[in-house]
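Okay, so chain A shows up in both of these, paired with chain B first and chain C after.
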Partner chain A sequence: MAAIIGQAALSVALMLALYAVSASLVAAYWHKPEWATSAQRALLAIFPLLTLAVGILVWALVTYHYELTYVHEVSERAMPLYLRATALWGGQAGSLLFWSWLMAAFAAAVTLRDWRRDREMLPWVVMVTAGTLAFFLFLNVALESPFKRFWLLPNGDIEAYVLPPAGAQLFVPKDGRGLNPLLRHPGMVAHPPFLYLGFVGFVIPYAFAMAALIVGRLDARWIRLTRRWALVSWLFLYLGLILGSRWAYDVLGWGGYWGWDPVEISAFMPWLTGTAFLHSVMIQERRNMLKHWNMLLIILTYDLVIFGTFLTRSGVLSSVHSFAQSAIGPAFFIFITLTFLGSMALLGWRWNDLRGQEQIQSAWSREALFLYTNLVFLSMVAVNFWGVVYPIVSELVTNQKATVGPPYYERVMGPLSALMLFLMGLATVAPWGKVDTKRLWRMAAKPAAVGLLLPAWAWWQGYRKPGALLGFALIGFVIAVVLYDIARGAWARRRAHKEPWWLAVVRLMTRNRRRYGGYIVHLSIAIMGIGIIGIEYFQLETQRTLAAGESITLGDYTMVYDSVAIFNTNDGRQVARATVRVLDERGRQVATLYPRQDYYIRDQQPMTIPGVLSTWGEEFYVLLVSWKPITAEGATFKVYYNPLVKFLWAAPWVAIAGTLLAAWPEGRKRRAPARARSRAQAPAPASA
Partner chain B sequence: MQNRKYLIGGGLILAAVIYLVISSTKANAQYFLTVDELLARKDEMVGRQVRLSGAVIGDTIQYNPDDLELRFMIAHVPGDLDEVESEGGLAAVLAAAVRDPNRNRIEVVYYGPKPDLLRNEAQAILTGTLGEDGVFYADELLLKCPTRYEAAEPQAADGR
Partner chain C sequence: MKKTQWGWLVIALLAVGLFGFWFLSARNDQDYRLTDPAHPLPLEQVSDDEVNRVAKYLYCPVCENIPLDTCGTEACSRWREDIRRMLAQGYSRNEIIEDFVTRYGDRVRAEPPPEGLHLLVYVLPPVLLVAGAVVLYRTVRAWMAASAEVAAADQALAAAADEAAMDLEDDEYIRRLEEELNR
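Let's turn to the complex of A and B:
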């Protein structure tokens, strides 16, 4: 019964979404505001319906309803409660439902905002969000329903249907097949929701952008309205990416964090265009320029989001992520093509209206540098896109499938990232408008010199590869520029207001949140860069078979193998756990690690969990590869020494702080109407 | 005048990126081959980095943990997705490939930890080179077990 209600809720939600699309078209075309209100309400009503559907599915997962094929496929009795509940996004149909549900929540939030000043955009915003939602609901209802059940047919076959076929009986398996053991990890529990929140969030700025194009309101209004949506979506996407790499690092047992897998890239590309978008819109707010770029970037972000969901879910490419062939591939392809061509046609139609009066006055002005960063970001996207589609292209052209691997991406993305870091530092010091180039170099020279402390420190620590030192110099430049800017501002405040230095720093940052929030996010990227250079350039690895008491030395550490214990757990695993002591250079014991292999007996699936000693300097990462089961005397280990990688894991925390600062709502006093009006006329703040 | 400067600058950047992409693609492109294709073009492919896909034959897996030498055979699986679909999906195709003694097979050698997903009827995607001796020396193993993820008949699940 519950499954029928769930399916009904999905179907009604789909109809409401389609209704909202048509009603908003009526509202916009015949200027009927009451139809817009009706469309708005229909969109709002989808959220409770999908909440009901999600609730039913989670309830079925938690309470062992294995007659549902989806529940049977992704959960089992032995799984703990939190994994049974989060198996909601453990498979295809559930992920799509979850996606739609988040989208509906965002759409509801948008419809509830105060529309008085933007009446003319409302129907179009509703149409785009409802249209996107309708597409995903269609997939759920028609192609991948999470509410299919097993039916025992009169001829003895068991098949999956939503509605009972004639004469069929419900078939209830005793237990489910269980979630893939590799996915039973906290990082994997959190990774999809974060990624999806990021994906879904970018639909909102896109909807406003399309509305602005259609109604011809081509000022920066749509950008101001959606700035926080974009910022927060960007953060979620960033966190989702890092959580995914953390999972890969902890679970896949390969000592790495990023493999240039097509599905990783497909989540990375909208993050790149989204980052470019966040920066580029500032130029439109401030100087009324780069309007074409902003439209192009948000269109690309939207379609890359859909493309990302498609790649994750369709299995079109060989990847560790693509689990099954599915019927939803062609549907996605059609949807992406239609939305992309439609949006580009709108952009082309408004092309001349988007042309600004302003001109770039100097090749090194801030607006020019932002334009270059746009170019670099788009180059990165093109490079990644080419890598992902290369197998398809080469098969079409030469009838021979060929692929490019990580070396391709590393070789191209390395120089582009270096260029990006350079622009990141320079754009922070560059002034607007007309620029005296000599003065710019003088302004950049001080922080650049201070930034050299980082490569100097790296050299002293023994990190001496030229590429890495260049990277450290650029990262040092970016960090120094930000710290220098904060120090200068705080110094001025301190002198003017007689404040203690910490109060001056706090007030400086909270009085100009967009600017300093953005700078703190820059610091996060720089910190991440330190970790990436550390592991990419200086990772060491070795492997050996040890008898008890023997040791392996790698980097600054020596590990001594003590013993292996083999035991069964009550959730169906056979665990082989090694005990390994880690000694530092002076022979003092600094840690005891327990690398292990969990063998999921029923799935016949082993899972290798590393033992990791983590310090800011390096992570010492030990994998138990194999062991002699009877004597438990010898065991084989693979050991990685990953310098500085902890910086990579720390970086997102800094980004969270920065984004919160940049997106935090203004205080109540500042929102007083008189001030708001005067602020709206004043030029926008300098920086996000 | 102004515009021309930007066009030249933009053009230079674009040219640099395109150069990087093309040269890196050329340097790093690897043919993606099935077992039949690799054997058919054996002479041309010996010693060249390629990616090879096939079905793992479980009975042939040998692993020596002392020197981390892993040996197994893979059987030919068609590379064309439509062909796979028409033969009943990837899981069925992999199972058939393993069972059929007349399929082309290749021996694979890999040095390193035995991957968690290596088992009978897994789809192996290997990066490496074909040696003169007809053995494929893999540097990288990517394994997928489609049976785990496709909605299977519940009897199969209960039977375990």
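Let's turn to the complex of A and C:
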């Protein structure tokens, strides 16, 4: 019964979404505001309906309703409660439903905002969000229902249907097949929601952009309205990516955090275009230029978001992520093509109206430097896109699958990232408008010199590869530029307002949250860069078979193999757990690690869980590769020494702080006269 | 006119540099063999690290997108034993890779070989980059020209303001900062 209610809720939600699309068309075309309100309410009503559907599915997962095929597929009795509940996004149908649910929540939040100043955009925003939602709900209702149940047909077959076929009886399996072992990890519990929140969030700026194009409100209004949506979505996407990396590091057992897998890249691409968008819109707000470009960036971001969901969910590329395969591929392909061509047609139609004041006073002004970073971002996207798509092209043309692996990406992304860091530092120093090049170099010279402390420190610590030192120098430049800027600003405030230095720093930052929030995010990227250089350039690895008491020395540490214990658990694993002592350079024992292999007996799938000794400087990462029974010669270990990787894990916390600072709503009553003054001078980015 | 030529020169250099870099770095590292084929080694003298050094360049034929040196499946550990055997028999690294390619197809390579259609993998990214740089360069020049026209009108005014600003770099900075803070 509950399954039928769930399916009904989904179906009604789909109808409401389709109604919202049509009603908003009516409202816009025949200028009937009451239809717009009706469409708005329909969109709003989808959220409780989907909450009901999600609730029913979670309830079924938690309470062992294995007659539901989805529940049977992704859960089992032996799984702990939190995994059974979050198995909601452990498979195809459930994660599509989860996507729609988040989308509905965002859509509801948008419809509830104050629309008085933007009445004419409302129907189109509703149409685009409802249209996107309708597509995902269509997939859920028609192609991949999470509410299908097993039915025992009169001829003895068992098949899955939503509604009972004639003469069939409900078939209830005793237990489910259980979640893919790789997904049974806290990282996997958090990674998809964050990624999806990021994905879904970018739909809102896109909807406003399309509305602006259609009604011809081509100033920066749509950008101001959606700035926070874009910022917060960007953060979620970033956190989703890092959580995914962390999961890979902890679970996949290859000592790394990023494998240039197509599905990773498909989440990385919208993050790149989103980052370019966040920067590029500032130029439009400031200088009233790049209007075409910002439209293009948000269209690309939207379609890359859909493309990302498509790659994860369609199985068109086999990868470690393709846990699910089904016939939803063509539907996605059609939807992406239609929305992309439609958006581009709109953009072409408004092309001439979008002309702003396309002027650059100096090739080294901040706006020019932003343009160059745009090129670098887009090049990164193009290269990544090509790497993901090429195997499909190759298979279509030559009937042979090809692998485009990490060497391809590293070759391209290495130099591009270096260029990006350089521009990131320089653009922070460069003023808007007219720039005296000599003065710019002079202003950049001091932070660049201070930044050299980082490679000097790295050299002293023994990290001495030329590429890495160049990277450290660039990162040092970025960090120094930000700190220098904050220090000078605080110093100026201190002198002008006679404040103590800490108050000066706090006031400086809170008085211009957007600027300093952005700078703090720059720091986060720089910190992440330190971690990436550490592991990419200086990772050590070795593999050997040890008898009890023998040891491996790698980096600063020595591991001594003590014993291995083999036992069965009551959740269907056979566990081989080694006990390993880790000694530091002076022979003192610093840790005992338990690297292990979990063999999921029924899935016939091994999982290698590392034992990790983690310090601020490095991580000593031990994998149990294979073992022999106690009587024989011992166990094989693969050991990684990952220097500086801790910086990679620390970076997101800084980004959270920066984004919160940039996106935090500002007080309304404060500084009214100052604001009015600056309004009169230039189109200032008001907080919406 | 002279300035234009400099810009194009930089772009041309960028193009040549990129293509050179791409092709050079696409070439494999130096080939090597552990032993002369006439004097095979006993298997246990080929260490796991030697095996992984070769396996790193191969992709597992069954589990897609996982390098052979890290793949945990039973099949892959058998393939690694194949590599160990071949190393002991005096095969060179590239001979082993070629052997895997003839057995399982091009997709066991981490990158497709630069020939035929696969050349696109190597050629397209630098072409795109250079094309992007050219478009950007022309755009920036056009927009600077547009700005110069406007600026010519009130050049005298700007020059005076500039001179005043040159006096003290810090003051200029503080002025800019205050301006931003007051937005």
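Heads up, the rule we're going with is that the second predicted complex is superposed on the first by the 657 of 688 C-alpha atoms of A that agree within 3 Å, B and C clash if a C-alpha of one lies under 4 Å from a C-alpha of the other, contacts with A are read in each partner's own complex, and residues count from 1 in each chain.
Assume contacts are C-beta pairs under 8 Å (C-beta built on N, C-alpha and C of every residue); 3 or more make two chains touch, one makes a residue touch a chain.
Please read these numbers as outputs of a predicted model, since none were measured by experiment.
**Q** Quick check for you: in the superposed arrangement, does A:Trp115 touch first (chain B), second (chain C), both or neither?
**A** In the superposed model, A:Trp115 contacts neither chain B nor chain C.
**Q** Report for A:Asp436: first if it touches chain B alone, second if chain C alone, otherwise both or neither.
**A** Second partner only.
**Q** Quick check for you: in the superposed arrangement, does A:Asn512 touch first (chain B), second (chain C), both or neither?
**A** second
**Q** Could you look at A:Arg488 and tell me whether it touches chain B, chain C, both or neither (first, second, both, neither)?
**A** The answer is second: A:Arg488 touches chain C but not chain B.
**Q** Is A:Gly255 touching the first partner chain B, the second partner chain C, both, or neither of them?
**A** Only chain C; A:Gly255 stays clear of chain B.
**Q** Check whether A:Tyr390 is in contact with chain B, with chain C, with both or with neither, and answer first, second, both or neither.
**A** both
**Q** Who does A:Glu358 touch here: chain B (first), chain C (second), both, or neither?
**A** A:Glu358: touches chain C, not chain B.
**Q** So, A:Thr542: does it touch chain B (first), chain C (second), both, or neither?
**A** After superposition on chain A, A:Thr542 lies in contact with chain C alone.
**Q** In the superposed arrangement, what residues of chain A touch both chain B and chain C?
**A** 253, 318, 320, 359-360, 363, 372, 375, 379, 382-383, 386, 390-391, 394, 400-405, 407-408, 411-412, 415, 543, 545, 606, 608, 625-626, 636, 638
**Q** Would you pull the chain A residues touching chain B in the complex into a rising list?
**A** Chain A reaches chain B through residues 66, 69, 72-73, 91, 150, 158, 160, 171, 173-177, 180, 182, 253, 318, 320, 323-325, 359-360, 363, 372, 375-376, 379, 382-383, 386, 390-391, 394, 400-405, 407-408, 411-412, 415-416, 543, 545, 602-608, 623, 625-628, 634, 636, 638.
**Q** Can you check the complex and tell me which residues of chain C touch chain A?
**A** Against chain A, the touching part of chain C is residues 21-22, 25-26, 47-49, 52, 59, 63-67, 70, 72-73, 77, 105-112, 116-118, 120-121, 124-125, 128-129, 132-133, 136, 139-140, 142-144, 146-147, 150-151, 158, 162, 166, 169, 173-174, 176-178, 180-183.
**Q** Inside the complex, what are the residues of chain A that reach chain C?
**A** 253-255, 259, 261-262, 289, 318-320, 358-363, 368, 371-372, 375, 378-379, 382-383, 386-387, 390-391, 393-394, 397-398, 400-408, 411-412, 415, 431, 434, 436, 439, 442-443, 488-489, 492, 496, 508, 511-512, 515, 541-545, 606, 608, 625-626, 636, 638, 674-675, 677-678, 684-685
**Q** Going by the contact rule at the top, pick out the chain B residues touching chain A in the complex.
**A** For this pair, the touching residues of chain B are 2, 5-6, 9-10, 13-14, 17, 20-21, 24-25, 27-33, 51, 53, 63, 65-68, 79, 81, 84-85, 89-90, 112-114, 116-117, 119, 125, 127, 142, 144, 146, 148-155, 157-158, 160.
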